[in-house]
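Heads up, the next two complexes both have chain A, just with different partners, chain B and then chain C.
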Partner chain A sequence: MIEIRLHGRGGQGAVTASRIIATAAYEEGKYSQAIPMYGTERRGAPLTAFVRIDDVRVRERELVHNPEISIVLDPLIAKQQAVVNQLKPGGLVILNTAYPPEAVKIGGDFNVATVDATTIALETLGRPITNTAILGAFAKVTGLLKVESIEKAIKKFFPGRLGDMNIAAVKRSYDEVKGPIQAVVKEAPEQKVDIHVGGYGVLKDVSSWRVFTPEIDVDKCIGCKTCWIFCPETAIQWDEEKNKPWIRFEACKGCGLCANECPVNAIKMVRVEV
Partner chain B sequence: MGELTITPGSACQGCGAALAARLAFKALGSNVIRHGIPCCPDSTTKTPRFSTVFEGGGAQLTGTSRGLKAIGREDVMAVGFYGDGGTYDIGFQGLSAAAERNENIMVITKDNEAYMNTGNQRSGATPKYARTSTNPVGPRSRGKPRPKKNIPFIFAAHYVPYVGTASVGFPEDLISKVNYMKTIKGFRMLIIQSPCPVGWRYDPAKTIEIARASVQSGIWPLYEIMDGKTFKLNYKPKELKPVTEYLTPQARFRHMTEEEVADIQETATASWENLLKADEMGRLII
Partner chain C sequence: MVGNKAAATAVKLAKVQVASAFPITPQTTITQYLSEMYAAGEWDFDFVNVEGELTSQVVVQAASRTGARTFTCTSGPGLLYMHHPMQTTGSSRLPVVMAVVHRGYKGMQPDHSDLMSQQWTGWGHQYVEHAQEILDSVLMAYKVAEDPRIRIPIAVGYDGYVLSYTAEPVEIPAQEEVDKWLPPNKAMPSVLPDEVDPSTFARGWGGGDPQMPWKVHHEAILKIEEVLKETMDSFEKTFGRRYGNGMIEEYMMEDAEVAILAMGTIAGTCKAAVDRMRKEGKKVGLIKLRSYIPFPVKDFREWAKKLDGIAVVDRSICPGKGGPVFAKLRDSLFDQEEKPKTLQFHAGLGGKEVRVHDFEMIGDKILKAAKGGKVEQVTWV
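Showing the complex of A and B:
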């Protein structure tokens, strides 16, 4: 039995990706399960999903605890050591990052493959939804499923033009994936864990939710306070002395409201460098 | 006035309800007890908070308000910050009873037009033709078949001191309405339309754009009704924008045909003309 764990953020389609993998396995005559982690999922928050694939009927109904394969859909989550927690020795990690597998900082006894799925998704779909853009890499690196059956499953979930765009993303990531190689770092230090869903209430830092980050051109700013009044998270603070805004980045979720509302276009949304 | 919300909260990116909470509590000040019933986790405030079941919203607010009166602290306001499920549907009977008794409470509704916290199920607030997870679009279904409940008028027909509508796209109007509500006693209600990027399915950056288009096209007019008779329209553009400006950016209306858009346009224009007449008279006949 092959067990897979997916890490992503709400809105990136980790749950859809798990269902596509399970459907593709079913198309090949295998038995499969897709399980979402139950929690307070919402757009931007970290979440996990699981898949089981087997040649005989799968009777387990619990969450996956010791996966063979870990797929990471988010470039910032891909930096955290926690994505390989409880991975079986000699397992496989597929990371969404622009770096080659040699430069990956997380360490342990496993193989690493990388693909820049965010760029692929932005260029083929126009939106940073990385779920299908990482499935091509998954098909090539693991060899578990054929690309054709993944394409068939995608057509079931996204009929029409959207399906064609997603299939283009799958093909590109199939060609562009790097690796797998044995992880370079053998032992990595423990890091803070931010890969499961937090509860209700107050979060300390949401800066890892952003794909695009706002940048203020202070010279263009006319001091109208529009961005300040419309920010839902009070991330935009007002400097009363200079009559200019500044951004509290740990509270900014990167929605782009301020850039959209600014009357003089003094705020730009720039892709976060990972 | 200082910020009362503790941020970052656990709302989604570009959440209209989080903005509604931020603006409303900024205007209310710290002298409030917030009451909640299950709804989206918009943002946490620095005020005391009680939570209860959907049906208990009106009853719990009544209890707090009477308790505050008994201990002589009528300067503290009992405020309910509810979602549309707690106002339009499940919580309606308790609130209706509280309105009929004219309890000294304040209800602020953030109306995102479906049960968004549990995954976009239809509610009484969902507009006609909107696609939800319980009204999928297919050969036999064109989204929600029934129009949105006119809850401000229903509560105005309880002859309560104040019922108003607001939108996150017009923050000055929202804040001035909350400020007015603070000065009067009795049952006061404000319904804030707060777009939801996940459920309405649009780019989170367009939250304010869509909220504004909804007001400017006459779909969500901003008005206030005092004592069930005095009527005032707060935002009167010379000419209404076409409803397509509101409908097109949202993927929940993407399946609509031209006839269906014309239906929405006709309803919006007709109700706008009625409101203009009522505003001219300054009176509402319920």
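Showing the complex of A and C:
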């Protein structure tokens, strides 16, 4: 039995990715199971999903605790989730990052492959939904499933043009993945995986959820308070003296509502550099 | 296909005529799938949107009285809100089938306390393990519920999240085969209120015995055992799959010295644990309980003669009273000459994960107890 763990955030499609892998395995005549595990369901919240692939019907209904493969859909999720925790010795982690595997600082006895899935997703889909943009890398570096099976599975989930766009993401990710190489860092402290990481943003630091960060042009701002009213996380604060907004960045998850609502386009969403 | 899709697909295959449900996590996606099927006109049925679970139960109850095949579904607190009309559906002997996607009361993760809390409503209660079994069990539930000997509503329970949202391969039977195997439901005039026989269904009008409706109801539910076993045989003949005798499903029990009794998704995990223990030469098997109401008393009395121990894993608890399956099993065996040692395990409450090694611990304990070793009666896994 092959066991896989996926780390991502609500909205990046980790659950869909797990189902695509399971469906692709089924297409190749194998049995599979895809278990999602999330707390409060919402965009940006960290979540985990699991896949098992076997030649017989999978009966185990516990979560995957010792995966062979860890797939990380978000470049910053490793700050919140222990993405290589309890990975089987000699296992594999596939990271969404622009860095080559040699530069990866997560350490232990495993192999590392990297792919810049966020850029691929933005350029092929126009949105930072990184699930399909990492599956091509998965197919190539694991050799577990044919890329054709993954494409076939994607067509089931996304018919029509959306399917074609996602397949384009898979193809680019297949071509652009770097590695795998043995992890450069050998020793790493054991981290605790907290899979129940939902919860409410107003109480937490959600800054790592951002793919885009709002930037306010205070000269353009007319002080109408629309952004302040619409911000769902109370990240936008009001400076009463200057009659201008400022951003409490630990509370901003980068949803872009403020930029969308601003009547004079004084707020721009800028890609976060990782 | 995820567990909830399997349930919705069974509803489609059964050509349900009236469905009504109120969305609640983790049942919600069943209503979504049914709504999509309705929008696409996949077959001719009515989906009635309602403002709450109480009404959804009343809608299917009323539709069922007219002879329509009906379906509803809910979870946890939604089931509690349905409690009142469920009594009437049971008492009126209406063959409603309901999927109960387990959700706990102390948090949202699943345990069996939701369906267990509805023991007195006069329904048949079944618990299933995986997505294929959901699809098959919903189909079989219609066959059993609508049988003229039964006419009892049936609830098919399965764990939320870890089964409702988990994707796994499911074989979908051909519509023509299902049509042949499951003929349309027929209204039974005898259960329509104005034609009721006062001695059976009414509340003692006309000088009838007010206790009689309870006796008749009780006996009808007990008859599910026979009809479910028949249905399992005919299901296998037609579709090639079976789950034990319908009441219980045995795994590696042929030469077992002790058994673990579990139900729902954790029974699947238990099978993997049994395989591991067998490799170590431990003669442990699994008896998966599929029908809690009626309880497979006869089957357990037979097994009691052969086994040295039964470990009962309850995924619900009546606080202050204990695990319901444990109590019912011991009640079934109390008068028997030969009785195995029985142990109570509380596991999976509040959605707590039950792992393969937990079942290995349970197996070791019941083996030790069966050999006369000193083991505590109750364990919180």
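Note that the second predicted complex is superposed on the first by the 255 of 274 C-alpha atoms of A that agree within 3 Å, B and C clash if a C-alpha of one lies under 4 Å from a C-alpha of the other, contacts with A are read in each partner's own complex, and residues count from 1 in each chain.
Just so it is clear, a contact is a pair of C-beta atoms (placed from the backbone, for glycine too) under 8 Å apart; a residue touches a chain by one contact, two chains touch by 3 or more.
No experiment lies behind these values; they were computed from the predicted model shown.
Once chain A is used to superpose the two complexes, chain B occupies space that clashes with chain C. Here chain B and chain C are compared by how many residues of chain A each touches, and B touches more.
Applying the stated contact rule after C-alpha superposition, one finds that A:Q86 touches neither chain B nor chain C. Once the two complexes are overlaid on the shared chain, A:Q182 sits clear of chain B and of chain C alike. Contacts of A:E60 after superposition on the shared chain: chain C is touched, whereas chain B is not.
Of the two partner chains placed around the shared chain by superposition, chain B is the only one that A:A45 touches, whereas chain C remains out of contact.
Judged by the touch definition given at the top, the superposed model places A:N243 against neither chain B nor chain C. Looking at the shared chain after the overlay, A:P232 reaches chain B, while chain C stays out of its contact range. Using the contact criterion defined above for the overlaid structures, shared-chain residue A:E261 touches chain B, although it does not reach chain C. Of the candidate stretches 19-27, 127-135 or 181-189 in chain B, only 127-135 runs into chain C once the two complexes are overlaid on chain A. With the contact threshold set out at the top, not one residue of chain A is in contact with chain B in one structure and with chain C in the other. Of all residues in chain C, those touching chain A in their complex are 2, 129-130, 159, 161-163, 165-169, 265-266, 268-269, 271-272, 353-356. Looking at the complex, you find that chain A touches chain C at residues 15, 18-19, 22-23, 26, 31-37, 57-63, 65. Looking at the complex, you find that chain A touches chain B at residues 10-11, 40, 42-45, 198-203, 205-206, 209, 229-235, 250-257, 259-261, 269.
Looking at the complex, you find that chain B touches chain A at residues 3, 5-16, 18-19, 22-23, 41, 43-44, 168, 171, 197-198, 203-209.
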